[in-house]
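Letters are used for the chains, namely A, B, C and D, taken in the order the chains are written, and counting of residues starts over at 1 for each.
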Amino acid sequence: MNTYLTLLIILPVFAAFLMYFFRKADNWINIAIMSFVTLFGTVSSLVMLFSQGSEVVALGGWKPPYGIVLVGDRLSLIFVALIYLITYLIAQFGGIERTKVNDHKSGALFMLLTAAAAGMILTGDLFNFFVFMELAAISSYVLIAKGGCRSSYTGALKYIFTGGLASMLMLLGIGILYNTTGTLNIAHLMLRIGLVGDSLRWLALGLVLCGILLKMEVFPFNLWVPESYKGAPAGMKIVLGSILSTVGGYTLIRLYPILIQNPGLIKMLLPLALLSLILAELAAYREKHINRLLGYSSAGQMALVMLAILFGGRMGIYAAIFIVIAHALAKAVLFFVGAHFKKSTDSSMWESYRGLSKTSPIGAVLFTVAALSLTGIPGMMGFWGKLSMIGAGLASAKYFSIGIILIITIVEGVYFLRISGTLYQSNESDVKAKASYLLIPAVILVLIIVLIGFWPGCISKIINGGVSAAERSSEYAKLVLDYLL
Amino acid sequence: MISIGTMIILAVVLALITRVFLMKHKLLSWVLFSAYTAFSVFVLLKLYGNWNYFETMNLSYLVGRINMRPGFMNKPLGWFFSFFVMAMSFLNSFFSMGFSKSIHSRNIVPHWLMILAASLTVFFTKDWLLFIIGWETLGWASFFIIMGGKQKKYKDSMSYYFFSLVSGMLLIAAVWMIGIKFRTLNIHTTTRSMIILAKNTPWQAFPILLMLTLSFLIKSGAYPFHIWAPRAHKSAPADFSPFISGIMIKFGIFGLLLYVIPIVSKGYAGYSIFGMPVFAWVFSWLGIITSAIATVLAFSENDAKRLMAYSSVANAGYIITAIFLGTALGIKGGLLHAFNHMIFKAVIFMTIAAVVYRTGETDMNKMGGLAYKMPITFMTFLLGIIAAAGIAPMNGFVSKWMIYQALLGQKHYFMTVAMFFASTGAFLYLYRALHAIFLGQIREVHEREVKEVPFLMQIPMWIGMILMFGLGVFPGYLLRPMMPLMKTFGSSISESLNVVQGSVGSLNTLFSTVIFILGVVIAAAIFFLSAKTHKTPMMDNYTSGEDPEEWNVTPNKYQFSYGFYEPITKMFAWALKRSVDKAYFKASYILKIIGREINMIFTDHNNWGYAALLGLLAMIIGGLFL
Amino acid sequence: MVGLLFIGLGRIITARVQRRIGPPFYQQFIDVIKLLARESIWHHWIMTLGSIMALGGLIATMVHVPVAGWLPYDSGGPIFLILYLATIGYLGMAMGVSASGNPNAPLGIGRALSLMLGYEIPFAAILILFISLTGSSSLTEIAAMQAGGFLSWNIVKFPLAFIAAEITVQAMMAEKPFDQMIAPSEIASGPLVELGGKFLGLGMIQMAVAIYFETAIMVNLFFGGGANIFTFTLKQFGVYTIAILINSVMPRYKIENAVRYLWTVPLALIIIQMLIVFLR
Amino acid sequence: MFTILYTLSLVLALIGIFGMISQKNLIKILISLNILETGVNLFLVTAGWSAEANVPIITGKLGLPSAVNFVDPLPQALVLTSIVIGLGVTTVALALILRYYRKTGNLTLEPSEFQSGGER
């Protein structure tokens, strides 16, 4: 089974190069290649997740503390499965480009991005993480710019500069960590981080977190968010909202054992996350452009995830994982449906979607369900995340944060249902529904959301496994370092 | 026996079916709705008396470390509320069937079924989790019904949804605090634990109780959260307004009775004032203030539905006051009033819906004289407002009398006076509605076009009339089945059919009604034994033989409706000027401004954001030297 | 009957105060009988319904007020029932005249109801004072409390409350300065404007009944009820005389001023009275 | 010596950061990014460097006492990767700036961009 874990990263890269050879051929070959690769990824990661759970591959035969390892434990496999599922849906149904589906250039970049995202999740090495992050970043810069309109370039440039700055800071942090602990292996780092002096640890971790916070779209690093979400092509929006932020969330969850050893850092991050939450959601409250609004909402949701992690404890991690997954699924639905709406009405202002429920009743329902899920309304998946999150906050006696979260949830609920309400208002002008194939993946994802919403028991075992893997540093370290020892 | 869980799932499945397959067949979906509610009433009737009934579902929820299986318990309180929900929905469905042909949104049936499922969940659940689920489902489901696809109604429905969200959030926070404290989310066991907690460490129990109370008060439209009520009622489809007013406002009352009242009355160990816990005292006053303010607001209201909504808020105020008294009589009076209010207010809103059905109008200044064309509707409305104003011999009187008795029994004299104000005020604005809609001059358009509603829509009105009068004469028919319910609140008086016991007196409803009827008979005898009458058209008499047309005067101009209580409104102008509504509007406006400024941070060429970044860096580097 | 007699006598008193002779005391009976015998016009059955409901409600109210401790059945003179049964009478009247279609009628009713909002509050406060003292909402018991001579009457024990009650009853009986609802010069007798023939006859009977039981309540509250029906009626007449005397010399308030007055002066008096009672 | 190297590289990085924040011109921002990158890379190399240590190439003379006193080769590998990545980023950024210039005709991110988003 070892090869599967490697294949999860190698195959997309291979596919990316393969596509080059089919550049003269029809697009369907590209779609077939991408679909096959991503479907394979989804299935194999799910199989691994359900069969044995944990898997460690040491690349090149180097023993773990020295070489690069790929770790597929109960936590990372969940996320790999998740991102592969979403990339599969994008590849099969969405298309990278909004209009012409999948030309080979975007396809190759998309595959690279997939590989990089999977790599970021699977890798057990901090520097390797940085490399994958840059890989993902470069391909996403290009993909955002593929949108071709003015805000695509603006967004991509802002993303490049913010991203470049953040990743350089992260590299600096990695350097300091390596200098002080002598290791880059995350598991090893968990054990040895205590050896570093307080202030240096603060500096190093703070710098490393810069890179992760960029992916999580947390406040000072999320200035690129509105423009990029607005300008990116439809498929890339989903990647930004559902994959890259998910990966960021995963990394923060993974680093939780390290974070928890730094109460000072947590104290610093808590106001940052709250500020990010407030700013993002209030900005969204006012926003009229649907994609920018969804971008703001992503930033807000990721701030929630960060808060849940900072609340800590089993329940906090549980909430974080749940919210990340729920957000990834729901945001993908929203972008799929949003692209469908955009195609139908040729407008991105949500106020012009009035009366769309008559044209595309299913789309309206899907949008509503996903929006309610993000708000955390019962019956949808997001509810359980929010519920656990509030529980975690109250258990750790962070009453102020909980108050803010509750108020912000109300704001969030209002602006999401405002859009849903607009969809259901009657309107005389009749628009034709176009690109209804975009609704197929949305239906699949909504079914998952509602299934889990009504019966969270069906995945709570898996997520609890992930929680155990994330919460106890000993478990992760033992898994990685006992290998071959 | 069909289990409660099955009933809930059935409702959800029916909702899906009607949403997906029966969008085009409105009448058929209403028939399905009607059948479902009838069936539920039947099931519930079989459940009555079976107070040990218990069921768990084969699902398991893991919340935090609490692994729970959702389950349902049959308790008298929940039974009564859900029975009324189902029965009122059943009655309403006849009305809606008649309504369905006209312009009517197709989304009502599925969402209403969702509401029914949610209300069954709320009323029967044994743990807080399902309670929250049901509670929040109510919010969005009714949002879509109230909006009904109309752009102009969107703001009103949003205000409802906003308050519903606030309530839900408060509920979640409170429930979690309970859950963390007691490691279980079972409603009935945590009640006991909370009583003990409140006795031992009141300051730990206090915030939880406060949050729960606020959450429930928001749903029952208490001041200062009342502003959703008139807006939601006004915008809701005419046949859904009875449900909002009759049922939705009572969810808060249910919550209070379920959890807050037992704990406050049994376990409160804090300060007391006038022999009453401060906590309960404050909220009793809040109830009275709610009803007084709603009354004042109703004086100057020109929209029939908004006026009745304010009336509902005022009645919710009485109920809140009564149940917070905590005495057996108070709770009994409050509960009885809640049930009576369900009946009479639903009936009143049905008559308004009938008027809307025929005229398409809710502005009272544009109506008048409809009684001459719609006698049945008029009679129903008349009996309804008699009940709503708490006038003998209708059912509203009995419960209001009990609330007065409870207040006097606890020596809350100021509250009694305030309630007198609200009650007399109710008579004022209800009469104004009666006059402006049904009496006075009929408009020419209405004279030509309006006629009585079809028989199908009359059925619930007839039943409502019978219920209002019957329960006014024999309140025992409702009080007797309520005995097991009252036993849970520590009262075990056996009720007689027509005598109600109060704290400073008793009331024999049968005799007083008989005497009233005798009085009417005497009056009628005097009337009919005296000389004959002959009928003349209305305009003939007081225009003294002149032809009004010559003076360019139409009957419309002879309808006195606008500014009916202007003197009173003038008196309260100082209060109306600073209304809570304005505060809310201002807050939302400020929120929008803030949102715009924040948008600027993100979209302006981002010096702001880089400055923040620099700040973050400074913090990180500064940490190095700390 | 007694009420009609009162009105007749009241007209004489008013006339005497205004230095006229006035009609004979049985004039009111003659009027009623004459009106009932007339053929009258009507517009709609709701008018009939309203008139009958009004008289029926007021008669039912009257039956519940104990007269010299005597009641047709053992209801004990329940105050709340009396208040709310009286309301149905007013509602009936209001409905009947509304259905007459004359805009002056609802105008008068609107004024009447506004005034009602004014006087119900001090009146409720007075009732609460007595209920708190006796621990019972029964008029019979309140009257029985005052047994034992002139000095134990409530008028002596609670003079402030009596003054307040007198002002309130003045408003209740729609006598000046609280006769805005009738205001013949402004709105042509208000509610009664469109009534003629037997409707007006019924209206007069209603007024008589109302005056009767309102004075009866006062007697029960403040004058210790009565040993027999004769003294009781005499006391009622005393109450009515005071009202008429005030009526005959007073001008009329504006409606909002009236309500404001009722909410300040009588209410303040009662609150002072309550403080005196409870603090003693 | 170490302190000087560390400080200088960090100063270089800070200059880069300052340039990124203060400059409006896209090319200048990119240059600042490159300066930052150079600073960080220098820092990493310094971390692995040691004055007394040997080149980490295993030659035939394994008997040397300095066999354990190699310079840490890992940072050099890291820096190599980092430089490559930096090159990629710079290329992509330059291409984007070119596109942006062709589209809009200027080299600064104008705030006028968001005004297309409805009333404000």
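To be clear about the criterion, a contact is a pair of C-beta atoms (placed from the backbone, for glycine too) under 8 Å apart; a residue touches a chain by one contact, two chains touch by 3 or more.
Since this is a predicted model, take the numbers as computed values, not measurements.
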Quick check on this structure: which chain has its C-alpha centroid closest to the centroid of all protein C-alpha atoms?
B
Top contact pair of chains, counted by C-beta pairs?
B-C
Can you give the whole-Å distance between the Cα centres of subunit A and subunit B?
44
Interchain centroid distance [CA atoms averaged], subunit B/subunit D, Å
66
Can you compute the centre-to-centre distance for subunit A and subunit C, using the mean CA position of each chain? Integer Å is fine.
77
Would you mind pulling out the distance in Å between where the CA atoms of subunit A average out and where those of subunit D do?
27
So which bits of subunit A are touching at least two other chains?
158, 165, 226-227, 287
Could you tell me which residues belong to subunit D and also touch two or more other chains?
17, 20, 109, 113-114, 117
Within subunit C, the set of residues that touch 2 or more other chains is none
Complex interface listing, subunit B residues touching subunit C:
369, 371-372, 378, 382, 386, 389-393, 397, 401, 404-405, 408, 411, 413, 416-417, 420-421, 424-425, 427-428, 431-432, 434-435, 439-441, 502, 504-505, 507-508, 511-512, 515-524, 526-527, 530-539, 541-542, 555, 558-560, 564-565, 567-568, 570-571
In their shared complex, at which residues does subunit A touch subunit D?
127, 131, 134, 137-138, 141-142, 145, 150-151, 153-154, 156-158, 160-161, 164-165, 168, 171-172, 174-176, 178-179, 184, 226-227, 230, 287-289, 292, 349
Considering only the defined contacts, which subunit B positions touch subunit A in the complex?
23, 59-65, 107, 129, 132-134, 136-137, 139-140, 143-144, 147, 149-151, 154, 157-158, 161-162, 165-166, 169-170, 172-173, 176-177, 179-180, 591-592, 594-596, 598-599, 601-603, 606, 609-610, 612-613, 615-617, 619-621, 623-626
For the subunit B and subunit D complex, residues of the former touching the latter:
596, 599, 603-605, 610-611, 613-614, 617
Can you list the residues on subunit C that touch subunit B in the complex?
36-44, 46, 48, 51-60, 63-64, 72-73, 75-76, 78, 80-81, 84-85, 87-88, 91, 94-95, 98-104, 106-107, 109-111, 113-114, 116-117, 120-121, 124-125, 128, 131-132, 135-138, 193-194, 196-198, 201-202, 205, 254-256, 259-260, 274
